[in-house]
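Next, two complexes with subunit A in common: one pairs it with subunit B, the other with subunit C.
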Partner chain A sequence: MNLAYLWGIFLGSLHAMVPITLTATGEVIGESAGLFNIGLEGIILLSAMTGALGAEAAGPSVGFLVGLGTGFAIGLIFGLVCTYFKGVQLIAGVGINLFSAGLVTFWLIHLGVPGHHAVAEESQMVNISTRYGDFSPMIFVAIALPVLIYILLFRTKLGLKIRAAGENPQAADVAGINIHLLRLLSTAAGASLAGLAGAYISVNWLGSVTKEISAGRGFIALATVVFSGLNPLLVLLGGFIFGFFDNLAVWVATMPAVQKVIPWQFVAMAPYAVTLLVVTGVIGRARFPAAMGIPYKRE
Partner chain B sequence: MKQKSDQVEGKDDIILAGKGLCKGFPGVWEHLILDHIDIDVKAGEIHALLGENGAGKTVIANCLSGFYTLSEGQIYVKGKPVTLKSPRDGIRHGIGMVHQELALVKPFTVAQNIALGLPTSDLSFPLPEVENRVRQLSENYRLYIDPLARVEDLSAGEQQRAEIIKVLYHDPEILILDEPTSLISTDAEHLFEALNSMATMGYGILFITHKIEEALEIGDRVTILRLGKSMGTRETAKTDKTELVKLMFGEHTPVQLERKPVKSNNIVLDVKNLEALAADEEPALQGVSFSIREGEILGFAGISGNGQSELAEVITGMRRATKGQVIIHGKDYTNHAPREIIRAGVAHIPEKRRAMGVIEPMTAAENVVLKDIRVPPFSKGSFLNKSQITRHTKEIVSRFGALVSDLWKSQTRILSGGNIQRLILGRETWRMPRCLVAVYPTQGLDAKAIDHTWELFMRLREEGSSILLVSEDLDEIMALSDRIAVMSKGRIVGIFEGGEAKREQIGLMIATGASKA
Partner chain C sequence: MGFPANIGELTKTIIAGVIGFAVGAVIIMLYGYDPISAYQALFNGAFGDLYSFSESLANATPLVLTALTFAIGFRGGMFNIGAEGQLYLGALATVAVSFFHLPSAMGFALSLICAVFAGAIWSLPVAILKATRGVHEVISTIMLNWISQFLCFYLIAKILVDPQRAEKTISVAQGVRMPLLVPGTSLSYGIFLSFFAAIIVYLLLWRTVIGFDIRATGHNPLAATYAGIEKWKIILFVFITGGLTAGLAGAVHVMGRPPVYAIYSGMPSIRGLGFEGLAVAMIGRNHPIGIIFAAIFFGGLLAGGRMMQLSAHVPLEMVRVVEGIVVLFLAIPELVQLLSFLRKIRPPLIFRSKRSQDEDRRRL
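Let's turn to the complex of A and B:
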């Protein structure tokens, strides 16, 4: 009984880990190249919406692709603004968040029920059933991807180039690297993972879209990136920790015994409070690329 | 025209040439950064490019290596016209440049920095190969460097070697070095040996410097730049220092500093028994007393770190005095706010020009009026009067010869240290201050700018300003000061009349810190 309980929490944590790990892994790529995207929250939200529509139109796999593509498209716009047009990254990112929040709210009204849209059962991605429980296929993606990105960043020349663009773009430019293009593609690749995370939430994990479906996971992903110090392997660990508390909060909050004593809203605060604690503990110790957040100008 | 025919004769040897190179940054007035420059580098020669700060040397180098794009003109590699749009194009045409501000990623190793620029596949990981090749190049050119060392752990000289190896890795035929000795003043011989042997191997080398002796020592030919214009090319064997000085600075006679004795007995700045702590809470000033009269320059000689910086800071209100008094024109200003001290007529040329002298992310115009922003005509009510500020800044910029591309657009951060100092000098002296506290005012300026500054100080003195001059340069102290104070360990160990001051005696006192007998 007890063991089954613990296993249930673990399984839930794995599912809650997926969107944070995917998003944070993507952001590690972008931040390594020197672009800081605070608009992840908006990308998750919008991709949850577009992913759901894609899934309903042509099946769950298409839904995932649409989410991925949505993230990539927004990442491209964000990247263009912040590289070739030398825009302020913070403002561009905030813009994404505001745009998505507005568009999704409007779209939900348009679909019929304001604030909520359930994805039909047959359009959702099917979990893999084993005798140990149901696993989303995305769990395996979320575990494998940080490892792959780690290899990319630290064991290939492309990784060297990406990190050089974030650390000393002038030096990278002198080495013949196209800084703007590299930064643009890095941040767009990163944003597409946030898009994948959004589609996972609506098409697979929660099976619905609400106007707050992202629930701060984009910001928690940013915190996870800080926690990791731009190491994708630590993103995996950080993602699991945050996923665990995310899941624990839901689980505790729905226990009748607890509900009588503590309002569930209070318990739901846990993942955010933990985020705050972890980030304050880590920040200042982690080293970030010297040129992160600064637009590159040659002359 | 004679030069042209010379070039035709040696045409086969020329591997890099620029004809009519022009570069004008937006908004620059008075002159182009580069004004129709012709330059060529032959295989097997070291061609020195000589000019003072702001002459355009670095800009030429950046254009020839593809880092900047030309406004006009044509670059030829081995006689063929080429267009360089990026450093990658430069590398492809065999042009390698060693930048003054080294282009290395600090947290990376030497090998990683080199791997970065290789044309291999993005998914490859060429590090082991790079490490071997670096060891080999190190050996061949006797530029020893550990490929596995992290750049941030290396000394300036080692970083420069790493940078040169990085450029050599691409097998260039032409090597451009931008002020390579500015980082490694003590280890230049080693670099010169390496460059000479490279020239023997057939490389064409463009060596940029502002030091005449260096150009003569290392160069086979030397091209002289002045304010963006070429003053001609000479063979170093057929020229000498005198001619080069003339070409670099124009017909220029060193300043004759004439002085009349100090007329007035009015004391402007009176410092009594001043004590203060340094940043580390150790006593920095231990009972300093002196006074400066109207129209007098008091020079503070001594090795830096003996309390001179703290003294200047206490007088200008930036550091608390723990004891003693600072009296300006008879009024006690001890531990008053800097703003009140500025109002009392004290101008300050601070020691750290980038940190204390200007606000780097702000523009030249903003920095020039920084202290006068509250007074008409620069502001009306709460609003800035932009046209007045522009006019005023233009005047200061042109009077002091500062090279600023756009008064209202470029951040002060991108200006050279010398140009920043010109702006500060202009800002602090245009009102003819009653009292000027100048800390290392000519550090990092070229010879001509130093002369200008000295003349300016003498003019201020004639007008009745009192100047407290802190300098490590004994020549400067001797040339300017009416009296000379020597500081050691927070105390004045001796004050000399300018006339009686004996160089040796002062030098000895600075070295030993002993009091005047």
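Let's turn to the complex of A and C:
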């Protein structure tokens, strides 16, 4: 086992980290403002589809924009239901997941090849080739974004307002903050990052769309948010841990020596088992906004 | 639950349903199909004749049970979306019993027992993690669903595989299969097992002390704690009971669904039944009786969806799109009130009765 080999694993983990980190960073914004969106899985799935089609129509950067826009649109619907209409957030999230799973499968059948749609090579985003291997430009976005969001949430006035809306909406309302609007925009901004993650998966990382392309990453992102205790910088760390195990399954599958001892099905369980273990281990430390998950109603 | 409350819930469900189908029609049109012929085929295929209706009921059989899993949790203020993974293991436990050549009656009983136990055991970690560590059940159930899926892939491929046909498990023994209720259809006596379970859950939730405690916890957890209800007992009870019904769902599906009575690799026939149950529970407003009707309705959509795919060429998945939209709108608690503005719009003069015209004049 030489250094180049380990570097390869590290690089793979970085690529697997991107969708989880992006989605979890977005969800940190939403949860800070008080909205708990379990529809992220569906948003990733749907954006992977729309992003891929956007990329095929007008190039990879348009694909990313379409993914971002899809996430924003679904986030707006979720936000409207859960703020102005005082909807139950978990149920609305489930609705989004069901809708997206149905629509993407429907769309894949409509496109002709049931279950699988490969994104044309020329429509995929090109990785940056260096002496040390190929990097997706999105890796840098995924590392920079949590830092920016940290500054936004903890060093700016807007961030203070967002956290106030999640912590004590009554007081924030008295202070003149439009709670519903702020929550709506925060969750929509968060969802658009999930949309970006979806587009990254189909347009850049895996280069195809299947009905299971999101593979639980939306929920792993939720677990990452729990791990981070709503600190975007810890999201980066959590995202890397989960990315490592996500990548591990793919990496081990190529090693005949391991395959003989451990069946692939057990390796494939690893990301989910690790997520569960990590969440169990850190849960006592995490603290969440007092009003998270509760629709705001004026007295 | 009083009578007027039920009417309100029903109105809400119908409104959400209408919105769901309307949005569905728009999507069908956007993709260039004909929504009217699609919906015609859908409803004919669902409830058009005895055969269609039997197929609808057959589809409803496992959905009632997975919906109960969710409903028990929801009544207790918990969001149990683990039916999917528990159902896989229940189904495989049933198949595993047929591995041993047991006498029919014993095999039948043992198949059901093993299935419900498998479901309950898979549900146990969720309850323990929630009660001791405060792990949110949404995260733990989803992770366990995935782990269950890969575990079952392994069991199907390596342990329970049919020696003659590598793509499926061994079939459930002849004597363990449930007899068909309507010959020539997929409908077996399993449907009664589902209905029976729904009634048991109803009695449990509304006619027992533990049921009262569950509902009290769901309604106001703080007040329930002050009243001396121990949360961990409720958590344990809710998840174990939920696991039992989810495991049973796997059993009735494998034992009662012709023609294969086995599970293919990739589990195409049972995947999604857990998540569909979730939608059924929501549409049935988390009430066992409502769930029975919602499951028949939804089972009908799935049966009709096949007809829609055949005759109108609209992919079956459209049914799930509509379902997602319906659930999204059901999340809104005051859906009925939101639409009350419709009442304020006054119809044009000619459509109004003489009396209301007079009233208008008086007001002027």
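For this structure, a couple of remarks:
As a convention for this text, the second predicted complex is superposed on the first by the 297 of 299 C-alpha atoms of A that agree within 3 Å, B and C clash if a C-alpha of one lies under 4 Å from a C-alpha of the other, contacts with A are read in each partner's own complex, and residues count from 1 in each chain.
Assume a contact is a pair of C-beta atoms (placed from the backbone, for glycine too) under 8 Å apart; a residue touches a chain by one contact, two chains touch by 3 or more.
Please read these numbers as outputs of a predicted model, since none were measured by experiment.
The superposed arrangement places subunit B and subunit C next to each other on subunit A without a clash. Judged by the touch definition given at the top, the superposed model places A:90 against subunit C, while subunit B stays out of reach. Contacts of A:164 after superposition: subunit B is touched, whereas subunit C is not reached.
By the document's definition of touching, of the two partners only subunit B reaches A:173; subunit C does not. After the chain A superposition, the centres of subunit B and subunit C are separated by 70° when viewed from the C-alpha centre of subunit A, nearest 10. Comparing subunit B with subunit C, the partner in contact with more residues of subunit A is C.
The gap separating subunit B from subunit C in the superposed three-chain model is 5 Å, by closest C-alpha atoms. Applying the stated touch rule to the two superposed structures, the subunit B and subunit C interfaces on subunit A have no residue in common. Subunit A contributes residues 38, 77, 81-82, 85-92, 94-103, 105-106, 109-110, 216, 219, 222-223, 226, 263, 265-266, 268-269, 272-273, 275-276, 279-280, 283-284 to its touches with subunit C in the complex. Across the interface of their complex, subunit A is touched by residues 25, 67-68, 86-88, 91, 97, 99, 101-108, 112-113, 115-118, 120-126 of subunit B.
If you check the complex, the residues on subunit A that touch subunit B are 155-158, 160-161, 163-164, 167-168, 170-178, 287, 290, 298-299. Considering their complex, residues 27, 31, 79, 81, 129, 133-136, 138-140, 142-144, 146-147, 150-151, 153-154, 157-158, 275, 278-279, 282, 315, 317-334, 338 of subunit C touch subunit A.
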